[in-house]
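Order of writing sets the labels: A, B and C. Residues in every chain begin at 1.
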């Protein structure tokens, strides 16, 4: 690594980067290690000072913190605030960090003590309502997906190092699904959240004939009203749709709206 | 135009002669939940895969001449390491301008650019229906015409051999209304199935010589009549219609019609219609830098005027922020703007957009509703 | 088969993805947001042959970062040694903001229509700019000043949000030396501002009130650039004062990716802002849905 690297004459620093995990499967971090071909380039771009999945050493000096997972315990809140103080840029890595992810499914049970008892029995464990990072600290950048897409992270990290702005696609998954010339899952009788979910995954699931579960959260101006009609027209029950919308937490606001309307209808 | 006839059984020989080049044609991709076959264009390796009896493909063949994604160029960067960092800047230039303070000397931020039009081998499009041939003719006008022809498209077009095939109008087909139900140019060979015979329209010398290699002859007058009869039968099968009379004026008059908002509320702004459309050609550009910072590329991605940020300019102003304004724009470009520029619509009536639209927005219904505006 | 595919290859600088290699020779900060970039085509022959007219634009490419259209702000006499006034407002321009002298960029063009200043000779000229709209207008301003004796009364009206956002302030004295009426108005005062406060339409109303009506109707050509809201108010005033719509010229802004009528992003109906614009006469604008 040469000192004073430049790009178009602009000096490019090699930022110190730390990876952190709250409540999660650490699958997003694992994704980053998955492609050995680009790992060295990744390391030439950033200096990794902390990465539990990949190294033993750990330092507390970092500019960019990638935080995976959701907040489910008080000590995690403290840890996260601590990370926020140290890092110039905090990146929410993956759907758990962005929306609460699969973990937040338990939030739909209002009686958390009951949940604890059902899951852990008499084992003593501290667990609270699941929150995304943004409910605790200011998050500078969100990288969506369950798991995240390695290529996308690499592109975003490159852009961060160059000091570029990060723009996520403003359109739903359908756009990318059609570009891959897939058969529409609805034609196969399967529900799919592709029409309302933010693209950027290159229609990963629909290309494997799995309907989208909305892990990247809603596309801006997502037309949920129309999606409900589409599902109903095709005989897909509202409960089945809500199950999907609830899975990763990105659609929490919409789900609440639907439930309120449902109650009103009763 | 020259006409030939040959027995249906000879088609495989034609295919095999052409298969020296890459052949793209309709193939069966699967079945929907009701057991209906779903077709798309794909590379065909075996004649048996070719499904010339296809109803309509889900997508058009445009991936082969307007790819969904294409690199426009690649860059190699030659930043000299260690350059940069001179913060002193220049002095005033004697014209009373402010000093160029803060303008750091950029050192040698140099780069090389390489452009590749992405054409490596000839391509045979085997089995295009008239709507898709006419779609190419329309794209030629806008992409090859004017002062700045697009070589990425032009080179692919120039390397293309097109075998058209007659179709059976589907309930959603409205090509007849758009005047694109038959193709009079833009192909090398057009085949109309007449039971045991193919009636061939020969439009290029290459097609002429191709037919010399199979069992083929001049049609007689009886076969002329059979051909015309086939045409008449096809004509009678159309169900969907679009009234295009005075449409450009009606679209202008009904620009503020409330019905646009109704369609806008249905629209998912997902871009599906544009992706499956054989004539939608607009694109966006993304630039990427490799992680080694030594290479980069500029990538073109087909876009859609229905997408939220289609008309956003720097600073954030969106010229079409609401979904109905974007949907309306799509109709204005296809059915009014293009007509004004080229005296024909950009829509070929293939019906794919309506078939793929989950919100069930179809061209015949949208136009009928606008025409019916009070 | 009559081949319809024999397309004409355009000249080098117009070809798709061809860009002239150019160097940023100087960068002048104008305000907190805008800088003036002096950009020179590297090849001396290309530089000499790069002939543009006021109001035309170029595509400026920062390889790997982005490419965007910019109206040329400098005088057309200077050929391939151009100046672009650029606000750091998007990803590409914010990166450009950090780039220094000596950096190589790509330039393609010039593209689009221009302000027909030569056809306006003998007329009174009204140049009306709002905000960053002064950037495309500086080129016709300089072109008119260079042949000042061929024009009648020349007025520049320029409205900005705040005095600190005024562009090209160092040049106003020079413009005024050419017998130009330069009137500036701001939305919000700042300490030290002694000029008027209000909307640009007030300057225009004053100019119309001061004019000889017949002369204003018959001998005035107008060049306008500014934010979309400004166009309609200014043009309505001009039309009610009797200026023919075909003598009012505006420069429109749209998103563009190619500059060559192929990406369709700047399309308004049958019109491509890159080919049929960016300079339109107001008659054409009236015929475009949602143009302004």
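Basically, a contact is a pair of C-beta atoms (placed from the backbone, for glycine too) under 8 Å apart; a residue touches a chain by one contact, two chains touch by 3 or more.
The model shown is predicted, which means the values in this text are computed figures rather than measured ones.
Measuring from the average of all protein CA coordinates, the nearest chain centre is that of B. The greatest centre-to-centre distance from chain C, using averaged C-alpha positions, is reached by A. Of all chain pairs in this entry, the one linked by the most C-beta contacts is B-C. Chain B and chain C, compared by their mean Cα positions, are separated by 34 Å. Measuring from the averaged C-alpha position of chain A to that of chain C gives a distance of 43 Å. In chain C, the residues that touch at least two other chains are 63-65, 90, 99-100, 102-104. Residue positions of chain A with contacts to 2 or more other chains are 7-10, 162. Each of the following residues of chain B touches two or more other chains: 77, 84, 104-109, 111, 288-289. Within the complex formed with chain C, the chain B residues making contact are 72-73, 75, 77, 84, 86, 90, 93, 95-111, 113, 115, 137, 140, 142-152, 154, 157-158, 185-186, 188, 203-205, 207, 252, 255, 281-285, 287-289, 296-298, 300, 303, 305, 310-317, 319-320, 325, 329, 332-333, 336-341. The touching residues of chain B, counted against chain A in their complex, run 29-30, 32-33, 38, 40, 58-59, 63, 68-69, 77, 79-85, 104-109, 111, 265-272, 275-276, 288-293, 301-302, 304, 307-309, 323, 356, 358-359. In the complex of the two chains, the chain C residues touching chain A come out as 62-65, 90-91, 94-95, 98-100, 102-104. By the touch criterion given at the top, residues 1-2, 4-5, 7-10, 14-19, 24, 26-30, 35-36, 63-68, 87, 89-90, 93, 99-104, 106, 170-171, 173-174, 228, 253-255, 257-258, 260-265, 267-271, 275, 289-290 of chain C touch chain B in their complex. On the chain A side of its complex with chain B, the touching residues are 2-12, 38, 41-42, 44-45, 154-155, 157-159, 162, 170-172, 174-175, 178-179, 181, 183-184, 186-189, 194-196, 219-221, 223, 225-227, 229-230.
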